[in-house]
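Could you have a look at this structure, given as structure tokens, before my questions?
Chain naming follows the written order as A, B, C, D and E, and within any one chain the residues start at number 1.
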Amino acid sequence: MKYSYYPGCTLKNKAQDLDHYARISAEALGFELEEISEWQCCGGVYPLGTDEIATKLSSVRALNDAKEKGQDLVTLCSACHHVIKRVNDDMKNVDDIRTRANNYMALDEPYAGETKVLHYLEVLRDVIGFDELKKKVTNPLKGKKIGAYYGCLLLRPGKLMAFDDPENPKIMEDFIRALGAEPVIYPYRNECCGGYISLKEEDMSKEMCRKIEKSASGFGADMLITACPLCMYNLNKNNGDNLPVYYFTELLAEALGLKEEVEEQ
Amino acid sequence: MKTEKNRAEMIKEISGVNPLKCMKCGKCSASCPSYNEMDIKPHQFVSYVINEDIESLVNSKSLWKCLSCFACVERCPRDVKPGKLIDAARQIVVRERGNTYLDPDEIPELIDPDTPQQLLVSAFRRYRR
Amino acid sequence: MQELINRAKELLADGTVARVLGWKAGDLPYNPEPAYFEKEEDFADFVYNGFCGANLSKYMIEASKLEGKTLVCLKPCDTYSFQELMKEHRVDRDKAYIIGVGCKGKLDIEKIKAMGIKGIKSISGAEIDDEAETLTIDTIYGEKSCAYKDAMLERCHVCKGKDHMIFDEIIGESKETKDADRFAEVEKIEAMSPEEKFAFFQKELSKCIRCNACRNVCPACSCRKCVFDSNKFDSAQKANVDSFEEKMFHIIRAFHVAGRCTDCGECSRVCPQGIPLHLFNRKFIKDINELYGEYQAGADLEPRTPLTDYRFEDAEPGIVAERG
Amino acid sequence: MSIEKNEEFRPKIVAFCCNWCSYAGADLAGSSRMSYSADVKIIRVPCSCRVNPMFILRAFERGADGVIMCGCHPGDCHYTSGNFYARRRMTLLFSMLDYIGVENGRTRVEWVSAAEGAKFSQTMHEFVDKITSLGKNVRLEDLRCRN
Amino acid sequence: MQRIGVFVCHCGTNIAGTVDVKKVVEMAAHEPGVVHAEDYAYMCSEAGQEKIHKAIKEKKLTGLVVCSCSPRMHETTFRNAAEKAGLNPYMVEIANIREHCSWIHKDMEEATEKAVILMRAAVAKVNLDAPLKPGESKVTKRALVIGGGIAGIQTALDIAEAGYPVDIVEKTPSIGGRMSQLDKTFPTLDCSSCILTPKMGEVNAHPLINIYTYSEVESVAGFVGDFTVEIRKKARSVDMNKCTGCGLCQEKCPSKKSLSEFNRGLSTRSAIYTPFAQAVPNVPVIDRDACIKFKTGKCGICSKVCQAGAIDYDQKDEIITEKYGAIVVATGFDMIKLDRYDEYAYSQSKDVITSLELERIMNAAGPTGGHLERLSDGKAPKEIVFIQCVGSRCADDRGKSYCSKICCMYTAKHAMLIRDKYPDTNVTVFYIDVRTPGKNFDEFYRRAVEDYGVNYIKGQVGKVIPQPNGKLLVQGADLIDSKQILKEADMVVLAAAIEPNEGVRKIATMLTASIDTNNFLTEAHAKLRPVESPTAGIFLSGVCQGPKDIPETVSQAGAAAVKAIGLLAKDKLLTNPCTAHSDELLCNGCSQCANVCPYGAITYEDKEVNDHGIRETRRIAVVNDALCQGCGACTVTCPSGAMDLQGFSNRQILAEVDAICR
């Protein structure tokens, strides 16, 4: 199975781990991520203004690229996923945005939201299946108590992201279970880490991350996983190193027995 | 200079929000992680738009404290979703005056070796044009 | 054909049937007409060849009222009409002995004439036992020939299939003749601008002389008395003028048979003005297929047709404007 | 030589309303004083399923510029299922009119409940605007029927 | 040719203020068939009707057109007036020149022009009217009440007291409904079962009331006065006649792990059970999904211990067919599911509960024996937070658009009861608005605040955050003080929205009763006919029609009973004569019309006809006038126009079309 893959800016740089482990795990699980050629940055945040067009075009390009290949589009980074999924929804359902975006793009065939946007976790859940994943785990992460940190962008707005219950998600917990570890459910897993605000309002972000971390460790987590490089950065920067934070793909690779190979190489 | 009425209309148009649907339940303010940092609270944004007091909104520091975390958007029972109004007000600032909350010159001081690109990209999108 | 005649005679003789409904030769080599055969000697005129396009199922409405069984020869496509009429209690299955006759595509004399073949004396290659590849036509100007396919009725190019839906026995082979898209013509019109569409139908329908041939031949249009002939709607027919009345007639006619029309194509075949009347019926069939799911009238005996059925989630009428 | 009077185009619009929902909705629009154009004339029918395509074509033939049919919302029919049949009939009829080149804004179906006076008035506004923009129905009128 | 009289009403200035009524009268005189035209200030008044009477007599009128308000308002008035003067009432047509004309147009010229056209259309229709005679149908003097809650109980008692037999069909094993689950009732704080149980007993003992519990309506046929209903009596597995209600079987039943429906899943029950101690009838049922005997074939303990020999494992569902003249729907409500409101952590913490669950916890017969305790650890809560409007007043599809009406009051009740019984427990209520219209209601709420010190905070809660120490952190807004509040609570109670009981849509469909998008049954008129369904013979009682509290429910139950009694008291009903008829000379007998008839009113007969000298037997559609409701679906399906509708015939509607387009 082959998917178009949109890595996003940070995965080519600070978050290479997130990308790298995802790719080798995919291979082991029998699907392929074909990187979209010449993708452009999604912009990091979804432009809420209904009159914004230019800021949505990079997403449309990626989406159209996948459409032309007849593939579903897979993303990893929560922010990219959020932006691309919502732009896709606009292209499908908002006449005005679709018309104007297509006018800009001047494609051979207008793009109208045909591409299906999937998060990597959705591929694991809906295509591979967590039961199937469990069978492929060679190095179960026994004894690890892992708190899933969803953050805000993956889940909300629930109706558009259609990823999981926005107030009580379970996809990452099921993922953790499939890897052989124990998920720790804590109420702050869908609260914001502060996001881009950490640039100028460090204290606010610090306060938020502290709450997340306290809640998670209070419920017994000894590590957190995330799908977002910015969450990772904020959490790492602000938690007194008590609770290590990993990309979910890193644990996936570890459970599939691929991590050592990499390290050896 | 646009009138307050124009600017209120503009906010409604950019956001696609009808503030009259608000029933003043305060669930947005109850959900907001940045509540304490805000001078104009999320639920108050609605009445400021209804009352066409946009000048106060564009001068509010709340614009720069909102995380766009969509908690209010998710939970608003009336389809008002104040987060969208806040973003629209922010758009008015960055579009109208070329005013920004982030100057490229500030950047070197604000970053560290681990700062992900995503952070800069996102901040630029929200804070300036 | 001989097999058919022999079998018909046999069934007449043993009293299984009281009469046979088939075709007898006309005054020209290409215009056989429906006829009853009741005695052995009547069969001298019996024909069944490529020109026997007429759908005999409608005749069974009257035949059902006669004493005894009627042997009726039905081509595969005619059997759809017969089942539809059964569904509507218009024909009596017990009064029919159905011989499913083979069909290799029926011929359109207008097409042959359009090739410039005139003064026809006789035509060979159109018999049911022939391979149906080439027609050899003896004319007063000498012998001409043409490909069987090129002389086929439009409806045979979009044939529903060579299987009989209902029969007591089958005589003769049938051939798959479908080589065109059933809805291509409809799609072509759909793609036109409103002005072009209007001009197209205006041109076609202005030819209508309200001879009612389409209505009389149609197996679905079998009302005892047509609304256009009754005072129920104050809609008694008027003389042809270049105006709305004809459109109304043809739209309503198509609407009345929508969901019941098997697309047998008889309306277009018999129209003396050559109006492609099947384009109305087929538009409804296409819409029904697209909006309410694939449906072939006469393919089964389920009582509900698309217009006497519904789903909660059916499309709204606004879809017409939406799809433009 | 006579001077042609430049009269404003006033469309003739026939509205078929079911007795239970839409006619009552129109009554509510009236008692709430929600105005709409006087060009709309309502014919009361027991149910939208009573509307025969012949009625609609007849209206056009006699010079109507637009025909709208209103009924109970699907699922709320007073007779349980009438509007479902009406919906299929009208969908096919409208599609056919579109197919023969009639502007497809000249016909409309709208579901209006007895509680939706505002929607009734709004719908009539929109429909009248649409018909006004389409102008006179010249494609379907039977000139012989003109007085 | 008809002799038509046209009467134009001024309706004071309601019509005459915008429509030039004189002009309408003048124009009417030119219409074909019109022999009389006049106007009057109020046609519906005695004097107006007298004018009609006089004109009919003097001018020998055969048809009337009244240009006035909506026919929905006064058609019956004018039909009666015509009848009094000896004219067939169906020879009257109304031109609605008020609601459809004068009230919506401002320009006199425009409105007058339109009024004239509407008058013309009505005249055209009357010209084709034919006298119609309503048929008669009998009334079965028995009522069916669907639902055995307080609404159904009250309705049944009132009908039975008037002397008519009543059957109650109740889905669960006992009557009692939601009210039996409540602990105390507002605003008087009486004990709910103390006032309900006697009524349940009364119903049970009433000679004219028959209760079918553990039963459901399977199908409904017929029409007002003559419904035929099939009731499925589910297999109880216990013989109602033999059982003494001793309760030994429940005690000995080894399968005790099923969740108690009555206790909202907060406690368990045995597989053979009565829902609660005061159940009526006091006869248990076997839950076959939980019963070991049914699952494995082994066990049979209940049968062994039952001295009355009442256990019957072979009992089958039974279908009872009964005829009724009137049907009252009293199907009640339930709380919405909260799975889309997980910001309140309902599925994540046992200490977040709904108000109805709290009701059970507070009740002495409830899962905690009436002690207020946390379900997680059994500890007494010291800090309780109530959250209002959970799923009510919601614009998106997570919740309901309406106000559930009862929550403000019951929350005040809960707060007060807790503060009264456990004075050291603090109670905080997060509210959007406190809605207390009703006798002694606001006083009640104020008492909660003033006398019991309940802390009311105006603002919603954003999130309930379970803490590792088992507490619940409630993050809410205080809109008055402009503060975001973080409050640590031991228990959170959600005032979940109420919604009509599951299955009511199915029942409404069987009854052909209208139902709205929220699944509340629609009343025939919001103000003037609030307890009747638009479908004749169907009446509405209780929350199935809209949110209401107990006193309102009881009032409505009584009102529905009176309406049903009014119907049952009649010996005969006149049927609507506007029915479909098939012209036997045109009918093809094709069966298409029967396919679309929602009432099964069309059948086919082989009939000998004489078609202009040709005699033959034909299959002909025949309409049963008593069943036909006059929708007209068949008329459009009929291609030959054989099927036509009296009072709305093809030619009449076409005449109206022609008149409007003229």
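Here is the rule we use: contacts are C-beta pairs under 8 Å (C-beta built on N, C-alpha and C of every residue); 3 or more make two chains touch, one makes a residue touch a chain.
Small disclaimer: the values here were computed from a predicted structure and weren't measured.
Engineer: Once the contact rule is applied, which chains count as partners of both chain A and chain D?
Structural biologist: E
Engineer: Treating chain E as absent, figure out whether the rest stays one piece or breaks into groups, and list them.
Structural biologist: Contact components excluding chain E, positions unchanged: A, B | C, D.
Engineer: Hey, which pair has more contacts between C-betas, B-E or D-E?
Structural biologist: Taking the two pairs in turn, the one with more contacts turns out to be D-E.
Engineer: Starting from the Cα centroid of chain D, hunt down the chain whose centroid lies farthest away.
Structural biologist: Farthest from chain D by mean C-alpha position: A.
Engineer: Based on the averaged CA atom positions, which chain is farthest from chain B?
Structural biologist: So the chain farthest away from chain B turns out to be C.
Engineer: Report the inter-centroid distance (CA atoms only) between chain B and chain C in whole Å.
Structural biologist: 69
Engineer: Based only on mean CA positions, could you tell me how far chain A sits from chain B in angstrom?
Structural biologist: Each chain's C-alpha centroid was found; their separation is 25 Å.
Engineer: Taking the mean of the CA coordinates per chain, how far is chain C from chain D in Å?
Structural biologist: Here chain C and chain D have centroids separated by 36 Å.
Engineer: Per the centroid of Cα atoms for each chain, what is the distance between chain A and chain C, given in Å?
Structural biologist: About 61 Å separates the centre of chain A from that of chain C.
Engineer: Could you tell me which residues belong to chain A and also touch two or more other chains?
Structural biologist: Each of 167 in chain A touches at least two other chains.
Engineer: Send over the residues of chain C in touch with two or more other chains.
Structural biologist: 227, 233, 307-309
Engineer: Residues touching two or more other chains, restricted to chain B: which are they?
Structural biologist: Correct list: 71.
Engineer: If we use the touch criterion from the header, which chain pairs count as touching?
Structural biologist: All chain pairs meeting the touch criterion are A-B, A-E, B-E, C-D, C-E, D-E.
Engineer: Chain B touches which residues of chain A in the complex?
Structural biologist: Chain A reaches chain B through residues 8-10, 13-15, 41, 43-51, 55, 77, 79, 152-153, 155-158, 166-167, 191-192, 194-201, 204, 208, 228-230, 232-233, 236-237.
Engineer: Which stretch or stretches of chain A touch chain E in the complex?
Structural biologist: 159, 165, 167-168, 185, 187-188, 215, 218-220
Engineer: Using the touch rule from the top, collect the residues of chain D that touch chain E in their complex.
Structural biologist: 12, 14, 19-20, 23-24, 26-27, 29-31, 33-36, 38, 41-47, 49-55, 58-59, 62-64, 72-73, 75-76, 78-82, 85-86, 89, 115, 121, 147
Engineer: Applying the document's contact rule, which stretches of chain D touch chain C when the two form their complex?
Structural biologist: It is residues 53-54, 57-58, 60-61, 74-75, 81, 84-85, 87-105, 107-109, 139-144 of chain D that touch chain C.
Engineer: Under the touch definition given earlier, write down the residues of chain E that touch chain D in their complex.
Structural biologist: On the chain E side, the touching residues are 70-73, 96, 98-101, 103-107, 110-111, 113-114, 117-118, 121, 509, 512, 514-517, 522, 526, 534-535, 578, 596, 598, 629-633, 635-637, 645, 648, 650, 653-654, 656-658, 660-662.
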